[in-house]
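Next, two complexes with subunit A in common: one pairs it with subunit B, the other with subunit C.
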Partner chain A sequence: MAEVHIVGTLTGASDFPSSRLSCRWKIVAGTGWRLLEGDAAGVTQVDAPEDSRFTVWSHPIDIHYGTRAVTGWPKLQVQVFRRDWRGRDELYGYGFTHIPSTPGDHTLAIPTWRPVLSFWDELSSSIFGTAAVLKNTDVVHAPADRFRLTTRSMGTVHVEVGVVLRNFEGYGVAM
Partner chain B sequence: MFDATQQSQHATTFYRTIDRVENFKITIKLRKIADANVPLNDEFLGLDEGAIALAKKRRRLLLPKPEATVISWGERIFSPSEILRHHNHQPGKGSPLAAKYHALVEQLIAQPNSEESRIIAAGTTKGARRQIFTLTDADAYASQKAFTTSTREVLVPRENPASAMRRPALLRKRNRVIGEEDIITTSPVPRTQKCGWEEMHIMAYLDVEQTGSSKENVSEQSHYDAGFHICLCSIQAYDSGLVAITPGLNTGKKPHRIAIGQNVYEYTLKNASAPITEEDVESEWSIFQELYRQKRSALENILTMTFTSLPASKHIRFHITGQISWAERFRSKTLYIRQCLMVPLESWNIDENTTPAQAMMSTTQVSRARDSHGVWRATFGFPLEWVLLRRDKSTERPALYLTVCSVDLWNRHRLEGYGYFNIPEEEGRHSMTINTWRPLGSLMARVREYFIGGSTELEDLRYINMSNGHGQKVSSMHGLSVESSGAIRLTLNVVKQAEAYQVKPVTGKESHAHFAKGDIKAISDALARARARVKALQAGRKAE
Partner chain C sequence: MTSNFFSLLLNGQIESAYFPSHDNLYCKFSVVCGADWAVVSGVEEGITQQSISSPTPSFTGQTDTLARPCVWNFPLDLAFKATNVYGWPQLILAVYGHDWLGRDVVRGYGAVRLPRTPGIHTIYAPMFVPLASSWINGFLSWVLGRLPEFRDSRFVGQSEGREVASVRSQGTVKITLSLGTKDLERFGYVNRPLKGK
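Up next, the complex of A and B:
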């Protein structure tokens, strides 16, 4: 069984229409993967930055996986929420990235999107602060068709991650 | 065991211990150095050595004997006034703590020749020989000023004579402070929430002649309190191993000093904890090692030795993961991408054994672009995951064909661009930008496209990648007029698995066993072999 350490930081977000954001993240891995140490999910604080160009979270990620297969390589799924002036959290973006399989440090940028509805539903959601969300967030990272889903492009979530691998070479895996 | 992290004469000093605080012991020596009969001033009058020695001798004779006590952490020593108070405690009244102390004091009194029994016999605290006592966490002693500067005021630092001469006024001022501060309250005091730390105080009961108003303040409460209660030292032990001692342990020769009127006392605090022994160090380390060993073995029990089996010899399994990140600079702002992975089945397989039902063709969502730094960008975040098997060393590679389309307000779909890329051979992370183009139809077709919709499309997608797909000798797209379109951003991670990449674990036992055993014969043989090889090589070079 091979082992993967994922150590990194959820640095922050940029290019969102509002910069008062928080992030809910989780790491999803396939069936052959076993979480040995660490938390595979978390929620960051809400950051209201002075400089609205970059929201800073600096949220730590430290996970240790054991695996029986290369398939189902861990993916980082993020959900960005915006805190409005009434203190409500509104969905602002979904995004995902595969954790790089090459050992070493990586700087990743996760593009995000949010589902949109018809014009009238959008109007009501902007008034009542009820943004459309996915019923099943697996859609975000599952390689399946997404037609019939309309989305709006949102900003970028920045992640810095270091990957440490163990024992893969014994199974003939080249990274 | 104890390490001072900060040194100061009178302020709180912090120490760090890795041992339990229960093993902490402190030695305190209390000595009276001056009173009304033996004023402090004469200490500085005699300047020659003989006079100083004489003064010291006189001092020793006139003043009571110094007191030294070793106090361990949490030890409760009763003051003379407490002994009287607890002795006279009526059972059934007061708090359980008072009842407990009553029992303890009775036990002590029962012992013949003890200090306690002497005090009880005398019936007064006057002339009690023992002055040092302690208060622990259980006692409701609130030394609110322990953290403030007033503690420092109680302690008169020993300074050079010149400044000491100028200080009668200051001393008078301090007397007042002492009198007001140290009052042991018998009623419960609202204590600060103690979480993660414990506290004890080393106190002194000083039986001195009192003058002035301070007496009324102190002895109003009880007639047992004939003298002063002074906090000599407060110790706070934190769970983290931090020990704060106010004032700190004496390092040099300078003792701490307190003054009550003309009565001046000196005291020293010394760490009396037993130093850590070799066996203790060893046993601690063995505990740590055992912990790590057990953690490791628990982890190994969880980790099974199975792994996806290697592909057949000379076959390479490709694990490809990635995503279509975004598309930008397209003329339309509502885009979607259709992608299709074409695998040359002559030399490649789709590995359905490890991952069944792989999507070779899929469509992303319809994404509305946003202006990001002057560029219209539509994000997709669409995952791509395949497991492929390469059977032989052909140069042909699977190609991903991308078709970008747009939807307009009237739900008309239009082609925006074609692009392709070959799956990279090298393992690792690949980020690439794929520029796309779209066929430009005739003028008539373009007019029709504008008003009715629909667009000129390729019949066969493989035409994009003709040189590979058709195996022609010359790649020619002559006659096809195209218009360049936007770009697509892709990220791919490629992981390969094959027998050739397998690294057999080289165990030290096999290759270097004789070195470990110290087998001289084997080592000398190996040396001889190496020398012979070097000679052979040199001979070969000369021959050349």
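Up next, the complex of A and C:
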């Protein structure tokens, strides 16, 4: 069985309209991938930064996968939440990125979006802090139909990740 | 010849800190790594001198941001051996300063994962302090001059339980290091793109 190590940091976020943010993240991989060690999902701290241009999560990622397939390569899915002045968390962005298959250290930037409804729904959600969310968040990372889904572009999530492969060469696989 | 472990060699320094609102800082550091890892040479934890910032601002790692560095120039010389990439070492940092009564107060926690690739690396680690869990606690800590702290600074190197932490990020610490690996390839690992043969 070939092995993949994903070791890095969910660094933080920038370019969101508000900077008091947290992030719920998970790694999704295809069938044939087995999680051997580590947490494949987590929730970061909430940061209210001094420098509002960059939100710091500094959340460690250390995951060990075993795999019999090269299809279904792992993806990182993120859901960003904004904390309002009442301490409630409101959805602020969805995004995903593939974990690079090339071994080495990589800096990734995930562009995010959030669903929007009609003008009046948007107005009420801005008053009551109830942003529209997806019923099924698989849409974020799966190539499912997004026809008639209207979204607003949000900020960027920053990830720093190292990929270490093991025993791929024995199967004639080059990454 | 096969080796039954691989090694990691780290030479570097905790160079300086950039805290726009704080000065007169020192840093406690410790190294944490997984169960399949061991430090075979060097000190795993230490404490730097207390440093007053330079009058000249310099680049802080954050876009368009200059700040006056508190230089530590503190050496890091470490060697590890391991049998598993899982648990790759992290450097845990805690920066302290003094409040107006001269009491030690924490100015930032941070965690740096060591690079997974050999070479020279410059890392700007963002730092953050925990916020009081309620405004009453915040008021009390302001009156008593006791800022919230993490019970164990290694908390910042862990994934579990982070959702309960509310923090304020402030400042960065600059670390430069060169990293070498031994027997990683012999162990079956690939941590760089393969060159064409």
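Convention: the second predicted complex is superposed on the first by the 175 of 175 C-alpha atoms of A that agree within 3 Å, B and C clash if a C-alpha of one lies under 4 Å from a C-alpha of the other, contacts with A are read in each partner's own complex, and residues count from 1 in each chain.
One rule holds for everything that comes next: a residue touches a chain if its C-beta (ideal position, glycine included) is under 8 Å from a C-beta of that chain, and two chains touch if they have at least 3 such contacts.
Note that the coordinates shown come from a computational prediction; the quantities given were computed from them, not determined experimentally.
Looking at the shared chain after the overlay, A:Ser153 reaches subunit B, while subunit C stays out of its contact range.
In the overlay built on the shared chain, the residue A:His141 is in contact with subunit B alone; subunit C does not reach it. With both structures placed on the common chain, the touch criterion links A:Thr102 to subunit B and to subunit C. Legend: residue contacts after superposition of the two complexes on their common chain; A:Gln79 is shown touching neither subunit B nor subunit C. In the superposition on chain A, contact is made by A:Arg53 with subunit C only, not with subunit B. In the superposed model, A:Met175 makes contact with both subunit B and subunit C. When the shared chain is aligned, subunit C comes close enough to touch A:Gly162, but subunit B does not. Once the two complexes are overlaid on chain A, the subunit A residues touched by subunit B in the first and by subunit C in the second are 36, 102, 169, 174-175.
For subunit A in complex with subunit B, the residues that touch the partner chain are 1-3, 15, 32, 34, 36, 66-71, 73, 75, 94-98, 100-102, 106, 109-113, 116, 140-147, 149-155, 169-175. Subunit C makes touch with subunit A in their complex at residues 20-21, 34, 62-63, 65, 84-88, 90, 110-111, 113, 115-117, 125-128, 131, 156-160, 162-163, 165-171, 187-194.
Of all residues in subunit A, those touching subunit C in their complex are 5, 7-9, 11-12, 22, 36-39, 42-51, 53-56, 58-64, 102-105, 160, 162-169, 174-175.
Subunit B contributes residues 299, 302-308, 310, 319, 321-323, 325-326, 334, 336, 354-355, 359, 362-370, 372-373, 377-385, 387, 427-429, 491, 493-505 to its touches with subunit A in the complex.
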